[in-house]
Structures are given as structure tokens and as C-alpha cells.
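These notes open a run of structures that come right after.
Next come two complexes built around chain A: one with chain B, the other with chain C.
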Partner chain A sequence: MLLELSDVYTKYGQIPMLQGVSMTIDAGDAACVLGSNGAGKTTLLKTIIGIVKPFQGSLSYRGENITPLPSHKIIQRGIAIVPEREGLFPGLSVDDNLRLGAYYEKDKYALAQRKEEVLAIFPRLRERISQQAGTLSGGERKMLGIARAILANPQLILMDEPSLGLAPALVNEVYGVIKKIKEEKKIALLIIEQNAQKALDVVDRGYIMQKGSIIGSGSRDELSENEIVKSSYLVS
Partner chain B sequence: MTENKIYTHKIEKLLPSLGVVVFFAALAVAITGSLWSTLIILIGMTGLLIYGEKHGQVDRAYIRVEERRSSTLTVLIICIVLLPFILKGNSYFLHIAVMAGIYAIVALGLNFQIGSMGQVNFAPAAMFGVGAYTSAMVTVRLGASPWIGLIAAMIVTAGMGIVFGFPALKTRGFYFSLVTIALQTIFILLVVNTEWLGGPNGIPGIPAFSLFGQSLKKSGMLLGTPIPYQMNYIYLTFTLLLLLIVISKRLYSSRIGLAWNAIEEDEIVASTQGINLTKVKLLSFSIGSVFAGIAGSLYAHYTSFIGVEDFDFNKSLIFICMVLLGGMDNPIGVTIGAIMLTVIDEKLRIFADYRMLMYSIILIVVLVVRSQGLLPKRNRKYPLGEEN
Partner chain C sequence: MLYAQILNAVMLGCTYSLVAIGFSLFFGVLDTVVFCAGDVAIFSSFSVVFLVQLIGFYNIFFGLFNPVAALLLTVIVAAIFTAILMVLLYQLVIKPFENKSSLMPLLSTIAAGIALRELIGIFFPEGRNPRSFPELLSNERILQELPGISWRNAIIIVATILIVAILYWFINKTKIGLSIQAVSQNREAATMVGINRNLVIYVTFIVGGLILGFGGFLIGSYYAVIRFDLGAGFGLKGFSAAVVGGLGNVYGAIVGSMLIAFAEVFVTAYIPGGTAYASIAAFVLVLAFILFKPEGVLGNKSVEKV
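So, the complex of A and B:
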């Protein structure tokens, strides 16, 4: 087992947020968490990477208890995150952003090689390599976020609403890339979405989240037939 | 990319070296000339850089220097060797050059906080003072050699840098700046009220550096003409300055320099990329402070007398201005900024009481015209992988 959350509770000040969340991700697994605005999906990801600390429950990664570890140490264990927005360094070049994705890689030449592979997937980033990340379009920024995560060479990538704020054509493009990563790279994925249709297209299974709790889970097919999913997240 | 490798004219190959020579010639005119010639040079330099940046010449110049690094460096060293002679062997002119070099070292260190991390530290003069006082105490009170003083200054400032950097772990922006103003004030009060540190009277009789048994305070003779002792200090200071510029440039293109920039952009995002905030932030303060410590030690053993007014809040503001004027996060820019402002500050002595006023006006004008400083930071370059 790669990642395991056991009965995790968090709060913002006095306001409870996650309420007894348990979930598991296996190596090479692709799972999604579906939930509406304010359900606590972003909080869940922040908790996994140690920005938000649980006051009860624990997280383990490859058998190691990572609950008390600071963010940078958790990231170092092999987890990368593609943030919802505001997760890039807008004032730095695309190249610098990519370098920061693989911050722990000290071998410049191995990194250059890996970057070449990643840029082959994202040719548009290559054209904009010395441009400031803040000057990229929304779609390009999403791509940069994903490219940066792949460069980190992680076993697990967390993606926060990859379809959010993108035109339908771009959503398809982004999900095309995600599918490619899943098939070629053998990296486990945890995708957070409100757009269930797209997410269920690439994942094997998923969870439904409401008001900080997991209220259901199942395989892709089970979720596609689930009444809550159909009524709330499959409106198209 | 490849286009830059093809020279339109043969003379383009010589441009980096020519640029260095022109800079030193301008510097010599600025130091030896009147206030007006200094101002004209500053205006010319600003105009040239604005023009060059607009037409991509500055970026091309960087590439050319990279391609002809050793010849450029050779010319630079020759210019430094000749500097005392270009300055007509006049001890006052030489003194200005030494001070420019010393202040540039402090500004380079400060740049790691202001330029790289966006944390405005208002206490660089205090750190410069910590270095100067450490070196002075070790030599005057303990009778050690000034070289031991220099090493002691580096060790003490490295530690003090961590102390000064500690507030940066908990505070940001204005709050952090406020804490550094307090630290600057504490330093002054501590020195003024400590008898052992010379109190308000300062410390006289600080010994000079000596090399191969020769004191650097001894004037030399060259081809029958006496050369003032400041020449020795020009060589010492500029050798160290050159070394510290190289270190600064290395740091800028390293993971550490990149992490500092990432922290400036967004600390939380930086930590989600695996950056250890505590370690990287404290490094910025510690390394920057060692630079100030080296400069402080040089200053103490150069002037042989230090007083607390050499390290006051005004001095801190001047160091900050050097970084702003020169160009944030660009070691070459910061060095040029520091040298220009030191020279202008000297030239403004004729205005006596109005000196700070004039100084401020010049700064405002330059920064309004060119807000990013004379030579802003460049994009980092990364090695290319094999395309397949």
C-alpha cells in the first residue's frame, strides 16, 4: 500500500473540517475524490502533504507514519501535487518552475534528460520555456503544473480539480495527458474533481466526499451508477 | 540560440573585454572628476542599459561573456591591477575605490535577503559592524593577527546571521523589516553602552593586515614614484570582491538561489516542492552576514579606527539603496550599484548638510526611470538534454 489515511480529523480554528476520513491508494492506482464546493477536497490534499495537520487520526506512506513530518519531508518521500490554482511561481520562468518540481534532484544532467522527456509530452511548454509562468494561459499553467509534478519522479501525484476553469477543449487536452501519464508512467494518481464525467474516464475507483466526510466509495462503474454522483456530479 | 554564435563583426568578439575597459575608464573618471562628471556617467550608464535591455543587447552581452569568459576575466584582472595608476596614485581617489569595494561586499551579502528572498533587512550596517568589532577586538584586545580577526569575524557573523534570520522564520514583509530595525538599534545601543567595546569613543589603533611580513599600511615605490599604501588595500579588497561575486553568481544559479526566489514568490508553494524553508532561509542570512563580516574586518584593518557611527541606520539605508539601484538578485548589478553610489556619496560631500537630500533625489530619479535597477536579474540557464 502506498498511501493510507486512517480516521483523519482536521479543523480550521474551531471549525471542524475533515471528519474521520479513511482512504487508501495502492502503487500505480488511479482514484478520484468527488465532491462539491467546500466539501473539503483541497483540505484533504493539504492534509496529505502536511500543510494542514490532523488533530486526530494518522497518515502513512509506504508503511511510514508521515503524520508529524513537515511538508518538504513528505514531498521528498515521493509525492507531488498539482494545485488547483496559485500553485506555480508566477514570477519565475517556466524553466525555473520545472527545476523546482524536481528540487531534490541534484544531478543536473539526469534532470535535463527527464525534462526532455516531459517536454516531449508538453511541446507548448518548450516554446515558452524562458517566459514567466505568470504570463501563461490557464491551460498552459495547468500543463506546467502537471509537467512539474512528473519531473519530480514521484510514485503518487495529487491533482486538485484539473478541469477547473478550463474551456471544454482544454479539459479534454488535460485529461488526455493525465490518461497518458497513467498508462505510460505507472504513477499512482489521486484526482480531486467536481467534474465526475472526466475523472471517471481515467480512474479505476473513487470516493464521494461531503461536508468533510467520505460518504461512499466504489469502482468506476459503481460510481457511474451511484445516485448521488448521477444527481450532483454528472450534470452535463 | 545559434544566431548568437555568429558574429556580425570580428570586433564583437572583443566586446566583453571592451566593456570591462570602458567600465573601469568610466569609474576612473567618476572618481577623479567632479560631481558633474560622476552624474553624467551615471546617466550615461542608465541610458545605455535601458537601450541595451530594450534591444536585447544586454542578454547578448551575457552570452558573449560566457563564451569568452577567460579573456574577459583576464582583462578585468588587468584593469584592477592598473586601477591605482589610473587613479593617478592619489591617496584620496584610491581611498574611494577601497571603500567602494568594501561596501560592494556588504551589498552582495544583503542581496541574498532583499534581492533573492524579497525580505528587506534593515540591519546590514549592524552586521557590517559585528564583523568590524569582532575583528578589532580579536586583534586589539587579544593581540591576534588581523587574518585571525578576519576568520573570527566570519565565524561570528555566520552565527549572528542565524540570530538575525530567526525572525524571518516567523514574520514576513513589514513585520520582519520592523524586527530588523529593532536589531539595528539594539546593536548601536549595545556598543555605545559597553565600555569594553569602546563605547561612544570607538576603537583606535587597530593593526593593519600584513602579507609576507610586510604591513599593507606601508607605501610602496614603483619606478621611482611613491605609491600610497591604499594600493595594497585595493588589491586585497578587489580580490575578495571578485571571489565573492563568483560565489554569488554560483549561488544564484544553484538550487539554493532558486529556492530563495521560490520563497520570495510563495512560501507554502515552495514547501510543497520539497524546499526546507527553515534551512534555506537561515542560509540566506548566514551567508549574507559572512559577506558583511568580511567587509567589516577589511574596514577595521583598513581605517585602523572604528566608531559606532560607521554602522548606523543611515548606513543600512545606503546598503539597501545599493541593492535597489544596482539590480535585485544580480551580483554584477549590485556591485555596479554599490560602486556608483559610494563614489556619488563621496562627491556629494561638497553639499555638506544637504548630502543625504541630494543622494535621495538621485536615487529617486534613477529608480523612477528604471525601477528594476540598473542591471536586473537574468533568467537561469539549464543544461539541455538530448532530444529524441
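So, the complex of A and C:
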């Protein structure tokens, strides 16, 4: 098992947020968490990488208890994140943004090789390699966020609403890339989405989240038939 | 005459620059103003005085080293003292308050600045009197045909350029330098790519401390006479320059310093009774920027719109 959350509770100040969340991700797995605005999806990701600390429950990664570790130590273990929005360094070049994605890579040769692979997936980033990230379009920024995560060579990538704020054509493009990553790389994916249609298209299974709790889970087919999913997240 | 004024303004701008860069670096990673930067620079000036006396005391020193090596050693040791002081200040007066409110570090660093000033006044022998700064850089002209270009002036300008060039290389070409920029531009994203923000802050305080340390030496060399309370004025000028240039932007700090220095020098030179207005001119400039261009000349924290 790659990642396991056991009965995790968090709060913001006095306000409870995650309420007994348990989930597992296996190596090479692709799962999603569906939930509406304010359900606590972003909080879940922040909890996994240690930005938000649980007051009860625990997290383990490849068998190691990571609950008390600071964020940079958790990320060093092989988790990368594609933030919801504004997750880039706007004043730095595309190249430097990528370089910071592979913060812990010591092997320069391996890094250069991986960068070539990534730029082959994202040819538009190659064209803009020395441009400031802040000058990229919304779609290009998303791509840069994903490219940066791949460059870290993680075993697990967490994606926070990859379709958010993008025009339908761009959403298809982004999900095309996600599908490619899933098929070509041995990276596990945890995708957070409100757009269930797109997410269920690439994942094998998923969870439904409401008000800080996991209220359901199942395979892709089960979720597609699930009443809550059909009524709340498949309306588009 | 004009030539002399320009030269004078550039020199003054150089001395402000290094203090302003300190302000900008610290603001970048902390999002709060570290107000004692001016006093820290003056601490370095006094460290140089102290070290030179020490070296004079152990005369053997000059027998061991040639004068240039002794000079470099003095300046580097003073800069290291200053960097250590800066890290201590972070640890003792900023870190404990960091998560409380952004106003607390502001107040605590103002207090630390006053304390530092008074400590110099109390513990340095005759610390409250003006002290002549050792003439480590010669006042002789490099070329007889070039008035105003003494070794001292040339070294102040070249050293400033060199320090800025090294800083440029450091923050753009090294990984730790890039992570300083990353933390400045987007703190949360920096955490998300696995940057250790604590480490970045310490490195920034060491680098900023070294720059203030070199700044203190250049300030002393430029003014020739220093006083324990000079830091207050330098803090205010350095902070103003950083605001004019766009807080958090290191190159903006240099532009802001030059603008303020030119304003001061030219008001003094060309307005009757101008000396009295020089400082006012600087602050009018700051107010104008706060009102009309709050992001500063080169401020880029506003690039972040979709």
C-alpha cells in the first residue's frame, strides 16, 4: 500500500473540517475524490502533505508513519501535488518553475532526461521555456503545474481540481495528458474533482466526500451509477 | 559641478542600496518589515572599527598580512559578525512572533534596533561620541586628470556592483537562491514543491546579514565619521528605497536607492537652503509612490492575476 489515511480528523481553529477520513491508495492506482465546493477536498490534500495537521488519526506512506513529518519531508518521500490555482512562481521562468519541482533530485543526468520526456508531453512549455510563468495562459499554467509534478519523479501525484476554471476544450486537453501519464508512467494518481464525468473517465475507483466525511466509495462503474454522484456531480 | 553632484548621488545611492536590499530580501521571505536593518549595518561599521583597533593592537598582524589582505580579512570578519547577529535577531525577536501577527515582528524589530543602537552607545568605548572611521580606502585620486574619482569612491562603487552581481548570480542560478525567490513569490506553492521554508529563511538572513555587513563598511568609508545612532536614519532611507523600488524586489531596491539619493543630492545642491529639504524630498518621493504606484518601480507581487 502506498498511502493510507486512518480515521483522520482536522480542524481550522475551532471549526471541525475532516471528520474521520479513511482511504487507501495503492502503487500505480488512480482514484478520485468527488465533492462539492467547501466539502474539504483541498483540506484533504493539504493534510496528506502535512500543511494541515490532524488532531486525531494518522497517515502512513509506504508503511511509514508520516503524520508528524514537516511538509518538505513528506514531499521528499515521493509525493507531488498539482495545486488548484496559483500554485506557480509567477516571477520565475517556466524553466526555473520546473527546476523547483525537482527540488530533491540530485542526479543531474536523470533530471535532464526526465525534463526532455516531460517537454515532449508538453511541447507548448518548451516554446515558452524562458518566459515568466506569470505570463502564461490559464491552460498553460495548469500544464506547467502538472509538468512540474511529473518532474519530481513521485510515486503519487495529488491533483486539485485539474478542470477548474478551464474552457471545455482545455479540460479535454488536460485530461488527455492525465490519461497519458496514467498509461505511460507508473505513478499513482489521486484526483480531486467536482467534474465527475471527466474524473471517472480516467480513474479506476473513487470516494465521495461531503462536509468533511467520506460518505461513499466504489469502482468507476459503481460511482457512475451512484445516485448522489448522478444528482450532484454528473449534472454538467 | 553637475559631474560632482552625480558622482556624489551615485555614492550615496550605493550606501543606501545595500541596506535597501536587506529590507527587500527579508520582506520577501517573511512578508514583514525587519526594521532594524539600518542599525545592523551600523553595528558592522563599529565592528570594523573594533577589528582595526584589535589588529593595530596586535601589530604582528600587519607583519603577517599585506595591507590588502588585512583589509579584506577585516571586512569579511565584520560581515560574518553581522550575519551571525542577523540570525540571532531572527531567532530571538522575529521567529517567536511570526505566527502571531505581522505587526508584532515590526514592533519587535523596531525595539531591537533601538536596543542595538543603545548597546553600541553603552558598551563601545566612548560609544556615544562620533568616531572617525579608519581610512582603509585611500582618498587619493586614481588619475590626476579625473577629479572626484578617489580609490575610496571607486572601490565603493565597484564593491556595490560586485556584491549586487554576486547576489544576482546567487538568487537566479543556485537552487537555494531560486527557492528564496519561490518563497517570496508564493509561500504556499513553495511548501507544495517541498521547499523547507525554515531553511530558506535562515539562508536569507545569513545572506542579508553579509550584505548589511559589507554595507556597514561602505557606509563608514563614505561618511568617514560614524555614530551609534546613524542606523535609524539609514533604516528609514533603506526602507523608503525598498518601498519606492517595490518591497521584496531586490533590483527595485537599487533603483529606489538611486532615486532617493539623486533627489536628496540635487535638492541640496540646487534649491537655496536645500539641505533642510533634502530628507523631505526623499519622503515626498516615497509618499508619491505609495499614492500613485504602490507596487513600486519594479514591484512584481502584482503579476499574479489570471
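Everything that follows uses one rule, which is that the second predicted complex is superposed on the first by the 236 of 236 C-alpha atoms of A that agree within 3 Å, B and C clash if a C-alpha of one lies under 4 Å from a C-alpha of the other, contacts with A are read in each partner's own complex, and residues count from 1 in each chain.
One rule holds for everything that comes next: a contact is a pair of C-beta atoms (placed from the backbone, for glycine too) under 8 Å apart; a residue touches a chain by one contact, two chains touch by 3 or more.
Predicted model, so just to flag it, every value in this text is computed and none were measured.
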Chain C versus chain B on the shared chain A, clash or fit after superposition:
clash
Return first, second, both or neither, reflecting whether A:K108 touches chain B, chain C, both chains, or no partner chain.
first
Now for A:I187: first (chain B), second (chain C), both, or neither, which partner does it touch?
neither
Which holds for A:V171: it touches chain B only (first), chain C only (second), both, or neither?
neither
Classify the contacts of A:G138 with the two partner chains as first (chain B alone), second (chain C alone), both, or neither.
second
Where does A:I81 make contact in the superposed view: on chain B (first), on chain C (second), on both, or on neither?
both
Once the shared chain is lined up, is A:A196 touching chain B (first), chain C (second), both, or neither of them?
neither
Is A:D95 touching the first partner chain B, the second partner chain C, both, or neither of them?
first
Chain B and chain C footprints on chain A meet at residues 49, 51, 70-72, 75-76, 81, 83, 86-92, 96, 99-101, 103-104, 148, 152
Within their complex, chain A touches chain B through residues 49, 51, 70-72, 75-76, 81, 83, 86-93, 95-96, 99-101, 103-104, 106, 108-109, 111-117, 120, 130, 148, 152
Hey, which residues of chain A end up touching chain C in the complex?
49, 51, 70-72, 75-76, 80-81, 83, 85-92, 96, 99-101, 103-104, 132, 134-135, 138, 148, 152, 165
Under the definition above, what is the set of chain C residues touching chain A in their complex?
175, 178-179, 181-182, 185-186, 188-197, 300, 303-304, 306
Within the complex, which stretch of chain B touches chain A?
255, 258-259, 261-262, 264-266, 268-277, 379-380, 382-388
